[in-house]
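Structure incoming, see below.
Chain nomenclature is as follows: A, B and C, assigned in order of appearance, with residue numbering initiated at 1 for each chain independently.
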Amino acid sequence: MGVPLLEVRNLSVNYITMRGVVKALDRVSFDLDENETIAVVGETGSGKSTIAKAIVRVLEENARITGGEVIFEGVDVLKLSEEEFRRNYRWVKVAMVPQGSMNSLNPVLRVVDQMIEPLVLRGVPKVDAIKIAGEALESVGLPKDTLNRYPHQLSGGMKQRVIIAMAIQARPKLVILDEPTSALDVMTQANIMNLLKRLKREFKLSYIFITHDLALASELADKVLVLYAGRVAELGSADLVYTDPKHPYTQGLMTSVPTLREDKKLSFIPGEVPSLINPPSGCRFHPRCPYVMDICRREDPPMIDLKDGRKVACWLYH
Amino acid sequence: MAKVSELRIAGMTLGEITKIYVSSTLGKVSIALFVILIGASIYAAVTLPPNFGSLWNNPLYWQIYPKDAPPAWVNYLSGNGYAPQVMFGREVSTQGSTVRFSFRVDNEYSVPWRDLYIVIKPMSGSSTFTAYLSIRRPDGYVITIGPLLISSMYTEVGTTQQVESQVIQFYLAKYGYMLTVPQGLSAVPYIFSTVSSGSLKPLKGIYVINLTLIANNPSKGIGNRLISLVLEGNVYGLMGTDAVGHDLWLGLLAGFPLSLEVGVVYALISTAIAIAVGLAAGFMGGVVDEVLTRLTDFVILIPAFVILVVLSVLLRLNIWQAMLYLAILSWGGAARIIRSITMQIRTAAYIELAKVGGASNLWILRNHALPQILPYALYLIVVGVPGAILTLAGLNFLNLAGANYPTWGNILYYAEQYGALESGMWWWVVPPGLLIVLVAVTFIVTALAIEPIVNPRLRR
Amino acid sequence: MSMLRGIALRIINLTVILLVVLIVIAAVLSGPASQVLKDTIQRETSEMVTTIMLHHPMTPAQAEQLKQTIIKQLENAYGLNKPVYIRVFYVLFNILSFNWGFSYYPDAYGVPSGSVVSIIMSALPGTIILDTLGILLSALIGIELGLRAALKYGSLYDRAITYYGAVDSGIPQWWVGILMILVFAVYLRLIHSPIVFPYGGIVDPQYYNVWLYDTAKAFINPKILASLLYHMVLPMLTVFIVNIGGWAYFARSVVLNIIREDYVTFARVKGLPQGQIVSRYIMRPAMPAILTSIFISIPFIIFGGFLLTEAVFQWWGLGYVLNIAIVGVPTPDMPVILADTYMSTLLYIVLVFILEILIYYIDPRIRESQG
């Protein structure tokens, strides 16, 4: 198959805070091919959004990328200058629907102004840009006159769709969706999921679909990456991970998948989400692991390649 | 849950708050500034006489002080050698009708003393004296002055016709020099001068001044008196003097307690009004909220300063009354903030309590609103002070809203009136303004230091 | 359509506020205002009676009686013997109809006839020039400085601006004016500097007549204009020093809040260049908040600061006239003080109004809630 669309290699990110250094990501790696969807799942605070922001290089000021590469079509984009990256990648090759899209629209500009900006910036005449924006809105199921509205005149679901419309109108190769449906009601959630599926087919998009909801991820995902406390716990094709989870944490997640999709944080595995400032020694999951062994407390589990192409970070499979 | 017995402000114990406050740079600076302010206020309260206000406003008291004199320490900077104020005093207690004593003074200055005063305390109207002065100069010559009639507490020696002609005579006799003393000016500086190669030069060295005082009514005698000779200097004290001779150091000192008191009392009153209005609007809602919010908007819009000017002119307000009116006119901004915080707290509390099962406004007020608002009120008090101090100083600068004591704004008013500016008398115009800034900045720095601790919005 | 409606509503709202402010002022001042009116009546009646006496000789007693009758009638006509709450409206009417009476000390102002209207009107251009230019320019500069500070959050520059802005609000503007004069007018002359600034005034003395009687003409005369600019340097510098910091401080804290908003990050994700992000995603949303926060401090800025600054620089404006009326004459010149108060309040309300319209124009959320 040639080079994958996106390769993330040993990506590590720290946040410098007053209380100490938050090790938000620790050597995270995964690949993504064209027209493929990877679901990134994990509890709140596990570092999902950090992955997304690191890829589009909009991490907060106090974040430090301490190692790793983000290779987009063979180019390590972390090494590019800000200007180069902005010009050639942002919204051209990679778009993002940020977490909390409710607040991602500028309250004092009309929807149309915000939608055509990136297009006009890249030389599309204004009239055409408005047409494209209108079509994009229609393709996400919004009436065209949404263009002339101000953000505060739209509902949460509508804003979410506007952002998605903006993401696809750029015809990027990769769209990063950071919890695009949280804080929406079940009906809207379903609508948006269907929309995403359709858009993926139509425009041959690749998705990084970030969620804490495994059931939701199953609708879209080709691959699943399970993140625990900033580390990859398990990574493999969706079929395998769903039918036969290997990592005890993934198993815990699977047994607790609710039948109804609800907006519920994954806190039903006994124990607390670990601190990322002083993470537990050895395997970060060991305080909550039902199969905990001596070695788990002492040493980091290596990333183990299983025969079926899966990767698991667990001493059980050593 | 926190122990009920432990006092907590904004979720922290007093100890914790103090620790945060003291550990921040701004906190340290603010403490240092406060120590200065309060120290100066206490010093002022202790050292200034209780009747300082009336002393200040009595020009007679200041007449022996140099006028328009820069601070004495300019000598160190300029090396110009301005003679400072010198005062010799002696208590006498005698039934005799004559006293005689002498003082020595070293003239090492290139600009000699301006004038000479004879001060006798106490002085009653009925008894008068006659004084003779003989001054032995470093060059061995003696200038004799007198007889002078002493009929009041302060007798200025230098500008009388008689003294003038005696000095002119001296110059004629000793140097053959025709001295002209400019109209209305004192002849005293020439006592400390000499003629060399045809022009006047200061004569440095030791002078011995002999004073002979004779009671004009021998039957009464001299009695118990403090007799002083004052050589009026060209520089004076720490802060210099103004056109009246006021010792500016004392005037500036008196401003400390006054502006602190006025500023703090203002802030207490206006914050109290703001809290009452803000809480009522935020909690009662409905019509009350509507009315109070309108009122608040209105108060914010009122141009307080001009109204205060007019009221001060009209009602001849003193500084305390002006402060009160200012408080009544300027609680709007704070009330608006308190209201919006109250609304937030109330909404949050309702959501929380909806699960548990309802609670009264009073309960929310006591358990949620006040613990968050009271520390914030402290902040509002602190930020309120500078505005009041500046506004009142502005009024004082218009010679309005005065006090018994001199205020910094008022000192500046007189500076402007007497043309201190045009004649470059920086010691009269710079320090009062600097002190206004000092007090205002102290409170601003304090506000900056405590805001992160007490502002419920910033902590979230 | 809805936009016009919104602005109209805003205008009505502010007009109501202006009226209420005026009524309150009128109520507070109805005492002295009535006194002013009484004085005017006295004065005019005396003149009238004197003229009548020229044609119809009468005894002093008769004249006095005639005078009293006329005064009675006039006082009735002006409602001076009505209860306070009615008199307030008479006062209000007089204010609104520019019936401001005569100065007690007409010579103190150098304006002919001593009519308060002409005194105040001659002072208006000076105040408007200094205030609007001062506020506008210091706002522009201050917001720019604050924005840069916020963008370089935590840098030395940022901290410098923060402290300057905080301390700035504790400095009396008029005192800075005094320092300016001391340094740039007095000391520069002492050291025989080739460049010196005037001690005060609005134009050179020889142009005063033009300025006072025919201000419009002064503006088209390049010499007078140059003189005006020359005299404006120090006052304007003073205004800048004291006001820029406040604007910078407000702008900085508002921008700091907005920089953390999701839509700014999203604008970066969209690949917009920094300049566009700053102007459209930071400044545009920040403006209403900056303007609103400046709102609360305006009463003090305007009246505490500008009026006294004018007085210090003897800048022929409302503040200087007020200063003369209070301390430049033997007893307070009440008619001038009152009219000056009204006029500055009016100016202030107009300023607030412009601000409100600006905010309203920039922020669609406010536009909605009003419309």
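The working rule: a contact is a pair of C-beta atoms (placed from the backbone, for glycine too) under 8 Å apart; a residue touches a chain by one contact, two chains touch by 3 or more.
These numbers come from a predicted model, not from an experiment.
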Closest chain to global C-alpha mean, per-chain Cα centroids: C
Winner on C-beta contact pairs when A-C is weighed against B-C: B-C
Centroid distance [mean C-alpha coordinates] between chain B and chain A, Å: 66
Between chain C and chain A, distance of the C-alpha-averaged centres to the nearest whole Å: 56
Distance between chain centroids, defined by C-alpha means - chain B, chain C (Å): 30
Parts of chain C lying in touch with chain B, wherever the complex brings them together: 17, 20-21, 24-25, 28-29, 31-32, 166-167, 169-172, 174-176, 178-179, 181-182, 186-187, 190, 199, 295-297, 299-300, 302-304, 307-308, 311-312, 322-323, 326-327, 332, 334, 337-338, 340-341, 344-345, 348-349, 352
Interface residues, chain B side, partner chain C - complex: 297-298, 300-307, 309-311, 313-314, 330, 332-333, 336, 386-387, 390-391, 393-394, 397-400, 412-413, 415-417, 421-424, 426, 429-430, 432-433, 436-437, 440-441, 443-445, 448
Residue ranges of chain A in contact with chain C within the complex: 56, 58, 61, 86-87, 89-92, 95-96, 98, 100-101, 103-110, 117-118, 121, 150, 152-153, 163, 166
Residues of chain C touching chain A in the complex: 153, 261-263, 265-273, 276, 280-281, 284-285, 288, 362-365, 368
